[in-house]
Amino acid sequence: MSPEMTFLVLAAVGLPLVWLLLVPVAGRWLRFGLPLLPLPALVLALVPGDWQWALPWLLLDSLWLLDDLRRVFLVLTALLWCSAGLFAIGYLDGKHLKRFVVCWCLTLCGNLGLVIAGDAGSFYSFFALMTFASYGLVVHDGSVEALHAGRVYMVMAVLGEMLLLAGLILAVAVTGSGQLADLPEAIAKADHAHLITGLLLTGFGVKAGLPMLHFWLPLAHPVAPTPASAVLSGAMIKAGLLGWVLTLPLGHEGFRDWGDALVIAGAVASLGGALIGVCQTQTKAVLAYSSISQMGLMLLLVGAALATPERVDLILPVIALYALHHGLAKGALFLSSTVRLPRQRVSRGLFWLLIALPGFALAGLPWTSGALAKLAMKEVLKADKLAMVTAPYLAPLMTAGAVATLLLVLRFLWLQRLKDETGRNPLALTLGWSLATLGSLLLFWWLPWQAEGLVASPRWLPESYQYWPLLWPILVALVIGGLAARLIPRAPRIPPGDALVLLELGGRWLWSWLERPVFRGPRAPASLNRLWRHLPGWSASAEQGLRAGGILALTVLILLMAALL
Amino acid sequence: MMSWLMAGLLFTPLAWAVVSLLVGFRTGRWLSWVGMVLQVGASVALWFAVARESGFYYALGGWQAPLGIELQVDGLALTFVLLTAAVASACGLHAGVYLDPDKPWQRYFWPLFWFLWAGLNAVWLGADLFNLYVGLELITLSAVGLVALGGDAGALRASLRYLLAALVGSMAYLLGVALMYGQFGTLSLAGMSHLAQEYPGLEGAGLAMALMMTGLALKTALFPLHGWLPPAHGIARSPVSALLSALVVKASFFIAARLWLELGPNLGTLALAQLAGVLGALAVLWGSWLACLQPQLKQVVAYSSVAQIGYLFLLFPLTWGVTEAVSQQAQQGMTLQVISHALAKAAMFLAAGNLILSTGSNRVSDLAGVSRFLPFSLFSFGLAGVSLMSLPPTGGFAAKWLLLQASLNSGQWWWTLVLLAGGLLSAAYVFRIYRASFVEHSELDQFYHPPRRLEAIPMMLALMSLGLGLVAEPLLSVMALPFGEGG
Amino acid sequence: MAEDFWLNPWLPLMALATSMVAAVVIFALPEERHGLRTGVNLAASLLKLGLITVMVWGVFQGLEYRLDFTMMPGIEFVLRADPLSMMFAGLSAVLWVLTTAYAVGYLEYSPNRSRFFGFFSLCVASTTGIALAGNLFTFFLFYEMLTLATYPLVVHRGTEKALAAGRTYIIYTLSGGALLLLGMAWLYAETGTLEFTQGGFVEGPLTPSLAIIFALLIAGLGVKAALFPLHGWLPQAMVAPAPVSALLHAVAVVKAGAFGIVRVVNDVFGIEFARDEGLLLPLAWLAAFTITYGSLRALAQQDLKRMLAFSTVSQVSYIVLGLCLASPLGMVGGLVHLLHQGIMKITLFFCAGNYAETLGVHRIDELDGAGRRMPATSIAFTIGAFGMIGVPPLAGFITKWTMGLGALEANMPWVVLVLLVSSVLNAAYFLPVVHRLWFRARERDWPEEVRWGRLETMSWLLWPPVLTAAAVVAIGVLASFQFSPLSWAELLVNREYLP
Amino acid sequence: MSVHLLYAFAGAGVFTIGLFGMVFMVHLLRKLLAFNLMGSGTFLVLVGLAQHRNGVDPVPQALVLTGIVVAIAATALALVLIRRYFHLTGQVTLEPGSRDDEGHS
């Protein structure tokens, strides 16, 4: 590796940490660094060529590297953090600024670092750094809801970390080396292959919003500051996905049932998430459920990859593509949720367009990244090429998913319209939002996609026969949305975090049980205490008796000894 | 040369006793310092002599036993002579400063002190039972006198109790001696042992043994015959208590131990050995427990003596019916225990005396807040306490270690429990004193530091006791100096 | 350093003597000579650090420093430096410097400092002795000396509570010492030696008496190592001043117990012997239970230091558990935790002391918003807490990771489960505190606030936790560096125990 | 049974009586007398038994002489103490139950 690259890598990961050092001395201008921090990482992502950097002294024998898959994630992460940082300049008031910046920098460092980490130790370190530091972003607001969401987030994050740790330890124990590249093969060979797979799936699943591990998402996103929600949903949630892709035994036989299970989970997430999501009343909660739903769709891909080893090389680029697409689009949508609309009609229309476009992109509107992603996904998930029980259901699922996605987007737009906030936006805020939106809409045009000619650039545009399959779900969704808006006066209320409510009841019961006296340590019984109190008195009188009868005792003793001899 | 030494050891004290009877306390003090130097010098010279040649019998003035006084100079006796020289000098130096010279009765202190010393040396060196008796009586009478010296009603009551108990003990012992002499026709221990080996199963010898043992146990304050000890040791002046606890009770034990080691293999029984051990164990437990309850500082130390003496009686079971090696270990352990207890207890009593001088009270609770002034004596007290707790590297530990080894190697594991419990209980009463000194809410803001000399002496003793474990090896080699006939 | 340098055998004794002499000098100094006392303290601790560094370097190069003389027939006093002893001695030397500095600040304006620092130095001397002990007897000597030297520190405040704690402490530890003594005497009676030997000196097969000896030794050491159910003294002893707690929990007392267990298992019985004869499995269960139990009790605590104390109960058993895995990585994990736990826990106690001294805060629920008032302290606390949870890349993670791998290596996967459960519980009691520090707003005044000029607290108090917190990060991040604790533990295990 | 043995037995009897007195007498002077009885008994045994076994033997005579001196010394000391005790307290007994452990250092 050339010295320049070394420096660049260090800058990419280290700049946020260096910025931390300024926190004690800096004032309000601290925030202006936020959009700059991810720039070295962005540059790093754009410098062509794979590289590896071995750091044997760091952690547990570290290796940092960049390959195609990671490059996509690095672009996504850097770009999203960049625009969110820009947005944050305008968004933030002075309250707890330092604390926010510290958490932001740490989270950013973790998020960037985990992408280029090539060994389990540093990957897990960065992952944990991101997880724990982002707590500060979630509860930044300090309101009761924020604190509650933070608690849920933390509990689930800790659980996730532990599952992950278990999975990684089990896997690394098999390989003997900590390199991520060796893990899939080792897992496939391991005695506890299925245990490890399950642990890793659930461990990363907490972050990636796997159904029943998703509770924190709809709670945390609405209460977090908007830029934080954007990165949470756009970038950090993808860290879980990246974890799956890097560690699961993709490309190895014997995990077909897991593939089916994942498909089912994905179906539940994409449809169930949408179903619950449309019942939400907060814009960001809707978006959070949308993320769950979208991650469900990505689960289909992961499941297919797990079940069909020979197709992995095809599926992985699609997963990356989908992640990029969803990350940027969802980031843009989150940012737009706090954008105030201008008063003038024209610019107002423009704003609405910019807000809606990423949403429609999610649903697969042609000429957007969504269309590309959907088409690619359809292509690789063709039933005849997959050897899964659930393979025939994938296509309808994807279509239903598209409908569900758009319904959520419509719900979001509806709620956004209800809020109807007008006024001026700080410049940085507008810039940040625009950057994200433009990134979402334009970035994929330049990216060199290569997946066996499937969606290879420049043939990224849909073929004519593909327009209809892309468009009809959108139409269906529009119709359903329109009907719903007319017919249903008020959506049924489902609290954000759905099934969590039940869990929390259980948790409270457990806590009250823990506080019972069993855990307060033992006490001596009263009778013993009484005995203890009287003992000195008894001893003293016994001693007096001995003193008086000493010579008598002597006589007895002589006789006794004589008898013994 | 040798005769000078022996005469020095026995007659100098007697001469000094007589001379100091004629002068006052202050002059006596000067005189005594000279005497102490002589005694220490003679003891050390004797050590060199024995180390160069070997142990020997010595007939005093050329008169052979039984009418004359025959002395047995071996490693063990030498060790105890040295110990006496050290501890008695320390106590004497301390007393010279500690006691109020203006009280008229103090002029009797030095004579009694020297008589005591003479008696002690006589016991260590004595080779026949009757001379041992005389030495013992000399010790008893002077010790009682020291306890009673200038005391109030309480002191007199204690000393009377002590005197009566000691006299009964002496009589029991003497009766035993009479029976023994009737049986064997000799008073020499060695000769008796020889005869007992030759004619096993002599009737009457058992009763004689029982009488002697019990009498000595009474004088050594073995549980349950210890009733006289705590009042006497607790109420005497501190230097006197130190002498009493460190040396006087050891004298009668020394005789008992010699009797047992010479005659026990033939006259003793397993049951007797175990009985002695059990009483010793009970003494350890009971003495320590009562020490924990005493409200007064010196009573704590006195009861601690009762407990520590209990350890000594473990010698009996650990040397009866065991292999030579185990018996050796037990004897070594016992010797170390005697020495370390002597040093530690003397240090403790002297330190306690200093503390009482400082606080003006004998009560444990009045020590509150004392540790703030870092009194030297508290350190000495603590260091001596460490030895009593038998923590390494003290002599107490070395002794306990050897005893543990002996009991484990002889399969009598139950004594290990006694040894351990005793250590813990002694920690309990020592820490009780510490604890009191750490209490922080007292109003004490002035502290009387006694003269440096008073403080240095217990510290020296405590350090000696502490370092004893480090030099246990050379010390045991003194004890094991070879014994040859002649002299 | 030359191989045959004449000073070599004396180095261990000198390292021991530095703190011993310091203690004597301090006792002799009058109470008012604060400056001189601080100077003596710091000079001695730095000198010792230097000596230990020299020895570490020597040991690394394969030298052995040894000094012995006979005390009693068959009983030798042996001081020697091997990799394991250097590990512990190094820890105590480094942390002595910091703790001394901290204590100087902590006790500023309080009475009885001569007494305190004298015993403090004695305590460190005993710890060094424990580290350098070359046989079980020498170990026992310093082990008991440590008990005695610590008592005055525990009861330093002289309050009812402190005295009661001291009483509990002394009852527990002396009883433990008695068990240890019994085990040691018995062992000597059985084997005739006490010298720590690589691979152990106990010869098979396992007889019942050997098993009982093992149990006695472990129980005796387990008191100080706070193994359940012998841990009762530890939470009580937290009434002591913060530097003392730091010392008790991080460096001296509990570590002495854990270190002793390591010694007994490795150098007395031999790890392979102990493993093959099934001695380690019950111990592993006990340690695992203690880990869980300590964490559960910590959950329910309201007092910060008490919570930390229960956390210690839990954390120290990691060392034992790692040892019981008896696989190379497991042992590395256990041994390295000896250092890691020390540094993390001392950070936490320093911080707790800072809160108590500067803000008058003792309870967890009074900590709201302390992060704003005392950012540096709170950052240090946060790092320490995360380290304890085992969050990467901090020191605690290295332990957990290595131990987890070791557990699998030893084919004891249930240990991984214990590690995870314990981490979850650690998170459950540490994270709320961290949350309060940073994310709760202050609504009342501090109970007893003291202002120290520009800094958040006195600089004597501030720098030690900051430095240790930095060390927590550094030894985690640089775990594979050549002289990191992890590498040293690997060297140790590979060279000595399981080559 | 020789006359010497008779002495010895008589001595044992006297000793026992003395011991009995020591145990059950309360008055200090009586205790002292009991002690002297014990002493006399012992001396009888010493002389009697030795003569019985070994024929005429000068050694016990010498021993008894010494023993008597010791006993006289002890009696004298005891008398001094008892007298002073009586002067200070007006008591002639060591009444049981009294606190012995109060007083000076």
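Residue numbering begins at 1 within each chain, and the chains themselves are lettered A, B, C and D in the order written.
Definition applied: a residue touches a chain if its C-beta (ideal position, glycine included) is under 8 Å from a C-beta of that chain, and two chains touch if they have at least 3 such contacts.
Chains and their UniProt names: B = NADH dehydrogenase; C = Cation:proton antiporter; D = Na+/H+ antiporter subunit C.
These figures come from a predicted structure and were not determined experimentally.
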Neighbouring chains shared between chain A and chain D, ordered by label: B
Which two chains share the largest set of C-beta contact pairs: B-D
Chain nearest the overall C-alpha centroid of the shown protein atoms: C
Chain whose mean Cα position lies farthest from chain A: D
For chain C paired with chain D, centre-to-centre distance based on mean C-alpha positions, whole Å: 65
CA centroid of chain A to CA centroid of chain B, Å: 79
Mean-CA-position distance for chain D and chain B (Å): 25
Gap in Å, rounded to a whole number, between the CA centres of chain C and chain A: 37
Residues of chain A engaged with two or more neighbouring chains: 547-548, 551
Residue list for chain C, restricted to those that touch at least two other chains: none
Residues of chain D engaged with two or more neighbouring chains: 19, 22, 100
Contact set on chain C toward chain A in their complex: 232, 296-297, 299-300, 371, 375, 386, 389-393, 397-398, 400-401, 404-405, 408-409, 413, 416-417, 420, 423-424, 427-428, 431, 435, 438-439, 441, 476-482
Chain B-touching residues of chain D, taken from the complex the two chains share: 8, 11-12, 15, 18-19, 22, 28, 31, 35, 38-39, 41-43, 45-46, 49-50, 52-54, 57-60, 62-63, 66-67, 70, 73-74, 77-78, 81-82, 84-85, 88-89, 94, 98-105
Of chain A, residues touching chain C in the complex: 24, 56-62, 99, 121-122, 124-125, 128-129, 132, 136, 139, 142, 147, 150, 154, 158-159, 161-163, 165-166, 169-170, 172-173, 192, 514-515, 519-521
Of all residues in chain C, those that touch chain B in their complex: 27, 70-73, 75, 77, 111-112, 114-115, 137, 140-141, 144-145, 148, 151-152, 155-159, 162-163, 166-167, 170-171, 174-175, 177-179, 181-182, 185-186, 188-189
Residue ranges of chain B in contact with chain A within the complex: 161, 165, 168-169, 172, 205-207, 209-211, 213-214, 217-218, 224-228, 231, 267-269, 271-272, 275, 289-290, 293
